[in-house]
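Paired with chain B in one complex and with chain C in the other, chain A is shared by the two complexes that follow.
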Partner chain A sequence: MSNSISVQNLTKIFESKPFGKNGITALDDVSFSIEKGIIFGLLGPNGAGKTTLIKILLGIVFPSKGTAEILDENIENWRVRKKIGYLPENHKFPNYLTGEEVIVYNAKMSGFHIDKNSPKISEVLNLVKMEKWRKTKIKKYSKGMLQRLGLAQAIVHDPEIVFLDEPTDGVDPIGRKEIRDILVELKEKGKTIFINSHLLSEVELVTDKVAILNEGKLVKFGTVDELTVDRQICEIQIENDLPEETLTLLKQNFSFSSDNHILTLEIKNNDDTNKFMDELRKNNVNILSVNQKKSSLEDTFIKSLTETKD
Partner chain B sequence: MKNIIKLLRKDFIRFIIDKPAVMLTFLVPAVLIVIFGSIFGGGKGSRGKIPIIIVNESGVELADFIESEIDSSTSLRSVKTISDDSNNVIDISHDKAKELVKTGKYPAALVIPTDFFTDTSSALNFKYYYDPRNEIESQLIQGTIQKTIFAKMPQLFPLLMQRQAESFMGGESADSFKTEIATMMSEYFDMDPDSIIESMTSFDITELTNQNGDDSTNENFDVISNLINFESQQLVGAEIKNPGVTRIVGGWAIMFLLFTLTGAATSIFEEMQDGTLKRIFCMPIARYQFIFSKYIYSISLGVVQLIVLFLFAYFLYDVDIFSNIGNLLVIIFASAAAAVAFGMIITAASKSLAQANGIATLFILIMSALGGSWFPVTLFPDWMQVISKFTLTYWSVEAFLQVLWRNASFQDLLFPYLLILILIAFVANLIAINLFKKRQVI
Partner chain C sequence: MENIITLSNFTIREALSRKIIVTFFAVSTFVIIVFGLLFALVPFEDLRGMVNASGDDPMDIAGEIVKGIKLFVVAPLFGGGLFLSIFSASSFIPNMLEKGSVDLIISKPVSRAQIILGKFLGGSLIVLINIAYLIISIWLLIGIKFSIWDISLLYSIFTITFTFCSLYSLIILIGVLTQSSIFAMMLSYIIFFVFSPILTARDTISVFLDSKIMETLMDILYYIIPKTSELGTLTTEIALGYGIDEYQPILTTFGFLVLVLYISIIIFSKKDY
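Coming up: the complex of A and B.
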């Protein structure tokens, strides 16, 4: 599968003074690739370099070092941005425009020929449930409505990659669910979605791959499962309480705890799980289920940041 | 009280960290005070003398004396020679003087003609050619010349009156009149009648030139003025219906143009603040296209503003804009291009909208004052006149004057006015683009 986004050794240093040496490194040698047709989440605390990375990918700022490609084209080629949709954070469209005018203007600016009567406008406005407000000036829109309109203008020109900066910001829980459904629908159409959000639970629900940035460095990158599965802990559910002699025997060789028919095993070696289960079977303990413990994305996120600090 | 002190401290800190506000509060007024002070005599340095061509065709001593009096004037600078095409210094002739005034090289010429003062003259003859493109300057020149000449008139009064009487009565009657007066006076005062006649007819010109004239306004001026034949000829602008507005409209136009177009250029900051710029930059649009569109927009705005302003002057004040409309549009376009380039430099060099507005206001007011938008540049001290030539306002104001006042042709405008305005636009744009590149805006 070819990549939709690829960055190599991307570095961005903001000079504090002209020709000054004490620049601020916003991105430090970041490299990763995102394949086509997935939902990708970019995570990181404030000041981690997320916005800088998005700005570089969108051509808003230029990198100090390294390269970035979108759909196999260098980002310096501004024409590639025809294939990109973007919902900025806290966007402000001119408030004298109506909803449909915002859509038409942004579509035209993205190189998509469209007019007010184009069925494409109804299509995207229906998708974000804003069709009945299309003739209303956006100064009368609520924050949630503006966010939906922002999403509509980001996808109206049928882009291959959609960058969404805090897409559910200001949207109520039902609206957030609807936006998630739209993202999944776009993914099914083969679009790549790049989400930057602080709402980790939201990201966890829809993203396929996640990158965690901290202090300009890429500290974690992988699928949500890869990042949230804690390979050091295994939870084994058994039918009855462990006999005392079995418990004593196991304690001599394994590190585990027992609570209400759940044995939580700390894995030190790769074959610890198998050996532990063999011992259980040998002692006629009936095993109901075996699961690797899974932490939330938020836990993974915080753990990653703590590890970086240490 | 402590709370008030805390609040005061907060306000002062807010003011001090707002550099544009500090600049507008102190620097702009200080610079303007220096400029005004220099113009109206309060500043250091010599006030600039207004140039005037002096052509002395008369050989008489009195003409030389008046010429030297003008030479020593504190307000006027006598110009008597120019360099020809081969760089040879030549005397300015009567016709050349007229041509130089007509083409706007000099504001006025005083010709002391061959018939200035002959043995039979009953009045002094002067020829004065002028171009009142600048009202204050024109009045200053005329006032200074008249003052210089009239100050010496009381001494000439008896001689000229006598010659006028001779002219009126005829030579024989006048002689008979003088003889009878002399005879009568000799009887009463026991004097020689011939010496009385001699004193009535002789006039020693050296006596006049060795005396200091009375510089005060003399109530006899009306009488004396009849003894001076001051033949004035306005070589330029005589047909202009409203000279006052025609003179100033260009200066004010360029000042407001600068404000408008700098505002248009700095709107990039507003777009940056409201997120529009970010949205535009991530669209399939090259940075040069963005800057170019901003440039075209700003120039269009400037051109429309100036056209509306000149139409306003046309309908309200009869300023003739249509007799040279083609060249007026060319200068409008060139001025707008230069003003936009100026705005682009300010935008590229500034870090925020507030900073851009502060710097722009400072430069626009200084350029307007120095460039002749408010006062004729010729009133400035010499050093300030040199600086004024480095402002785009100066060249724009001069170009508008050439078009509206002198009805200049395209060739006349091309060099130097049009070329300099285009050069300013070109160089300023290069600087702005370089700054934009350095700041990675483009």
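Coming up: the complex of A and C.
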């Protein structure tokens, strides 16, 4: 599968102003690729460089070093942005426009020529549940309504890649679910979605791949499963309590804990799980299930940040 | 070009929403009504009768009256119109560069040069339309009242708009550099009301200064900054049908406009937002 976004050794140093403080490294030698048609989540604490990365990809900020390509075109070519939709964090649409005018303006700016009567406007406004507010000036919109409108303007021109910076910011739980459903629908249509969000539990629900940035460095990159499965811990559910002598015997050779018919085994070597199960079977212990322990994305995120600090 | 037109359309839309165009239109309409009433109330035929008795050609007298009216329109329009235009246009760039707004524009498939040119074209069109509305209306009133259809007054539409464009290019540059509409406005007013008149009279001033350095400095400044004062005089002369004696103020001001706009594009194209 070809890549929709490819980043090579991207570095951004915000130079210090004369007599000001030293330069700040916002991105430090970041490289990764994202395939087409997936939902990608970019995670990181405040100041990790997430927004800088998106801004570089969109030509808003220039890299100090490195290159990036979108749909096999260098990001320096502004024409590639015709295939991109973008919902910025804290966006500011001209407040004298109505909802439909915002859509028309942004569509035109994206090279997609429509007018107020175009069915495409109703289509996207219905999708984000804003159709009945289309004639209302946006200065009367709530934060959640503006986010929905922002999403509509980002997809009106049918882009191949959609960048969303904190898309559910200010949106109520039902709205968040609706936005997630829209993202999944877009993915099913073959679009690539690039989400930058603090809401890890939400990102976990929809993303196929995630990257974790910390202090400008890429500390983790992979599928959600790859990042959340802890391959060093195995959970074995057994039918009854372990007999005391079996427990003592196993403790001599394995590092594990037992709690309510769940044995949590620490795996030091690749065949530890098999050996442990062989011992259980030898002692006539009935095994109900064997699972590798899975952490939440939030646990993985916090662990990654702690490891970086150490 | 499509992107430039879309951007200029939305600059005009912004001016409409901020009541800039309505204010211009209201002021212009007020001036037109005043002239309309003046023409309706002043009995030109009586004046012609008086002139006939004195033996002068009535059309010559009408021509002199028209010249007076032109002076009465063009000179204040140049100063007042440009004052209002600078005030109105100074916030276009800082507004666009606000966080959350600039990100959206730059992320679209438009080059940064097109963004600046779109804003420049939009702002210039707003002023052109308003000046044209006022001057064409006055020209029609003069034509109807005095049967003099001399188009020289109409040329002032272009000279006033051109003078605005030169100052607007500076507003854009300051806007890109500082994102401050106040600073952009102040600098334009200083050039328009202080520097340009002083530098136009630099020969006279040099006599009193008696300093070679100051003389050279004033000469350099004179050729660099837009010659709004001389363009004002030129506008009046063109409106009165005298033609253009010297092209230097136009050419050097045009050079300033192109150079400043070019620098604005270069700086805007290299800046992170």
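The definition used in the following text is that the second predicted complex is superposed on the first by the 305 of 310 C-alpha atoms of A that agree within 3 Å, B and C clash if a C-alpha of one lies under 4 Å from a C-alpha of the other, contacts with A are read in each partner's own complex, and residues count from 1 in each chain.
Throughout what follows, contacts are C-beta pairs under 8 Å (C-beta built on N, C-alpha and C of every residue); 3 or more make two chains touch, one makes a residue touch a chain.
Fair warning: this is a prediction, and the values are worked out from it, not measured in the lab.
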| item | value |
| --- | --- |
| Overlay on chain A: chain C relative to chain B, clash or fit | clash |
| First (chain B), second (chain C), both or neither touched by A:111 | both |
| Touching partner for A:66 - first (chain B), second (chain C), both, neither | neither |
| Contacts of A:78 with chain B and chain C, given as first, second, both or neither | both |
| Which of chain B and chain C A:96 touches, first, second, both or neither | second |
| Comparison of chain B and chain C by chain A residues contacted | C |
| Touched partner set for A:88, first chain B, second chain C, both or neither | both |
| Contacts on chain A seen with chain B and repeated with chain C across the two complexes | 55, 58-62, 78-82, 84, 86, 88, 90-92, 94, 106, 109-111, 163 |
| Touching residues on chain A, where the partner in the complex is chain B | 18, 55, 58-62, 78-82, 84, 86, 88, 90-92, 94, 106, 109-111, 163 |
| Of chain C, residues touching chain A in the complex | 2-3, 6-7, 10, 13-14, 17-18, 98-111, 270, 272-273 |
| Complex interface listing, chain B residues touching chain A | 274-276, 278-287, 438, 440 |
| Residue ranges of chain A in contact with chain C within the complex | 14, 55, 58-62, 78-82, 84, 86, 88-94, 96-97, 105-106, 108-111, 163 |
